[in-house]
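We call the chains A, B, C and D, going by the order they appear; numbering starts again at 1 in every chain.
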């Protein structure tokens, strides 16, 4: 394991210090407790958005702090959800009097820690609503599990709900649009190689030279099944099939197609996958009207990718297109 | 004569020691069916507890358990932080104002902790979580108490039952937590949270024996 | 070697098909010969910028096609410069009557192929100027080599010269600003792991588990020396030292600090490196006034990073800040 | 009697064959001191040449060499594409209008090719490039011709000298091309372009022998 780090214990502190140094035009970093807020926070009268979770998924979430997206991000240690303290501190720091939306990925740890923070914030007189993201179709039978996981689609919720808050929607409305995005999107991921958590020093799972892991989460967890390496097109068809049939997406639907890299897969390969996914959707009469390709929700240096589909209507399209100014997603200003 | 706050203090100190000693093992258990951080998480929490405990000069058992609760909540993160945190918090509440802990108090501590964890995590027995260590431990402690056993014997019964419960998670399919995503692939692996529970309850018994 | 590809021979074709599918709002892709042009090309009366080189460095160059940056990108096969034909075709496609600037990285192959294309374009009545980028300080003694290589700084030249062309500068002026950026910037890179060219199937060099390669290029070439793995801060100090002393950059200088990922290093690690570089520069009185962090000029899945410093003055700062709208770099619109 | 355009045709066909056969080896030579693509590059070029040659029903040696030049320029890319392309182009120019190629023509082909490559690439002998195969080949061919040797013998002398020249690049430090970035670390590795030159010139001799 080779990593560009100093002490594994200092990864988070040093990384957010780097974020502060690189993006002081957009955001401010608080240390101990660790959180990242947009420079203009609190924006009086605007619903504030707070998200967070374990580190190692960069640019999620800190890369999405800024105009039109998150007001604060709360990074925990690598792959470990933050405790309630920094979530509470961030929530207080960004509340502009219109309430705070917590965007939480569905993992027991994230849900419980955000829940505690929300209770404490409410006790301090801040209105908090939470939306729990669960876009991962790899986890099938939600009755017998902790439920579907929240994965790459989280960035779409953050963008679209962020735009709703930016245009002045109230807390109920922002929460409703976040729930709508969550309901209309599905994701699934594949790993070609595992990742290595800095303090662990060994990969989370082993893959032979000719094996890939289908249905992985974003924490180096093993996936739903292990199969032999296949050509990119077959892998895409396989996971896109699970996604399309889940909601299902049908002919005539307009969708946002998001091909997300897990961190270690070169962009050139993501485009190969994107090409196939776009082709396959066109073949089914599903129209790709918005796109996103790149490393947005990663698992450290894992090689692999995920596909997310979001069914779009005019409202969601407009909110997607609305200006955003963060370090990792920016347009319109 | 029952146990005092000194026992609670010793329990916590011993807990910090065994968690540190088993950090690597707990993380290793979390790797195949979780995300490989349980040992780190628990160790971060108990490492933070120790100096706080030292600066708490006086304090009842309830005070000590509450200190552990608050520290775990604010340092562990992940699933285990809020779950153990709530457990210790409820345990503290169960013996609030008691200077001396008799057998009934110990059963109350264990039951309250378990109930707090269930309240937050909603896990049933057999879902391959730390509850599969806690619930047998509570039952064994209650049984030992009913049979008129000593405080030490009650804690030893709880520890042994928790250890057996942790081992018994191995053949299970998980229904809660990260391991639940794995379906049948979780079979054959011991639940890391059940294992840390077994370590903590053995520390409780050892603290009473010392 | 596991790659998310189909046939190694089709990597380029399929990837640019994906680029076309993902970014049809910005660019158009030509196949056979392969090149990528911005949708509005040719922009009448505007100097056109064409860059290119082997693939495998994505988003360079196709990701920088669009308003305020490149008019065309010409991708060759992985790590192999394109032939003159597509360069010529792209040059013709974007010439708006004000001439074309070729931005060429200093490698024998790129230089020769662009040279031939420029001669052919001139024969067709198109005025072509070329700027050869050579920012890599790892190659010391330029008298006895093919000269310093062009590496990550290329993206800074493309951005700033693109802004000059966009505001209406003539060919001489755009070429002059490109030369100025090239003269004022220096880069150096480090690899923690090698990369694997798809058709080759084996790594370009081997690194032991505790070794890193200092002074690598962007084609998986081995570097200047191989050393034992060090903490991130020491690695940064080492290469930053070579960069700073080369020009040299001195106290009072304002600089753009660019930490570039080689493709396989997670963003969280790039921020750790950025933090140290910013700290070290501040310690020397060199003021970081603009920043860029991310995977912009990559070497497939190589783990590693490079640092680029560009000395800024008011003109370059203004051109850097000017609006740009490409798939990989976007602000101001 | 000298060689005809049939020899040129056979040379090119044989070149495509040996390049394909040595694709992996040439790429392997390019890996330690370059970017690991020389075999791919050359093979892409000669693979494209073959069908074009087949559709060129008639044609002088100069026509054939020009066809090779244009195809290599437009398909090989990298450093080798323009260098070999210019080489073949100049070679074609050297024998334009000749139906029969005698010893002097062969020396002229080799010298013109070498000079074209130097014109573009500016490499001197000893800088660890394909020129280290070409220049000894030109010298050996000129010497053989001066000594009154046959066309076959001239080409064999050139091929052997190119092969020796390629081997002799191994101890050199490179001053041109990618290998120049490596400094002393290039020592001990044979230059891939010199090796491909040796293969192509051996093919020229073999085509004359057949």
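Convention: a contact is a pair of C-beta atoms (placed from the backbone, for glycine too) under 8 Å apart; a residue touches a chain by one contact, two chains touch by 3 or more.
Remember, it's a predicted structure, so these values are computed and weren't measured experimentally.
Visitor: Need the graph distance between chain A and chain D over the touch network, please.
Guide: When the steps are counted carefully, the minimum from chain A to chain D is 2.
Visitor: Walk from chain B over to chain D along touching chains and report the minimum step count.
Guide: Tracing touching chains, the least step count from chain B to chain D comes to 3.
Visitor: I'd like the Å distance between the centres of chain A and chain C, where a centre is the mean of that chain's Cα atoms.
Guide: It comes to 29 Å between the two C-alpha centres.
Visitor: What whole-Å value do you get for the distance between chain A and chain B if each is reduced to the mean of its CA atoms?
Guide: From the centre of chain A to the centre of chain B is 32 Å.
Visitor: Using the average of all C-alpha atoms in each chain as its centre, how far is it in Å between chain B and chain C?
Guide: Averaging C-alpha atoms per chain gives centres 55 Å apart.
Visitor: Going through chain C residue by residue, note those that touch at least 2 other chains and give them in order.
Guide: Within chain C, residues 78 contact more than one other chain.
Visitor: Hey, what residues on chain D touch two or more of the other chains?
Guide: none
Visitor: What graph shape do the protein chains here make by touch: line, ring, star, complete or other?
Guide: Topology of the interface graph: linear, an open chain of contacts.
Visitor: Which positions of chain A touch chain C when the two form their complex?
Guide: Answer in residue numbers: 1-7, 11, 14-19, 21-23, 55-56, 58-59, 63, 78, 192-193, 207, 209-210, 212, 229, 231-233, 235, 259, 263-276, 278-279, 288, 291, 293, 295, 298, 300-301, 303-305, 325, 327, 330-333.
Visitor: Show which residues of chain C lie in contact with chain D when the two form their complex.
Guide: So the residues of chain C touching chain D come out as 54, 76-85, 107-109, 112-113, 115-116, 138-139, 144-146, 149, 197, 199-200, 202, 204-205, 217, 219-222, 224.
Visitor: Sort out for me which residues of chain D touch chain C in the complex.
Guide: Per the touch definition, chain D meets chain C at residues 27, 31-32, 34-37, 40-41, 44, 73-83, 120-121, 173-178, 180-183, 185.
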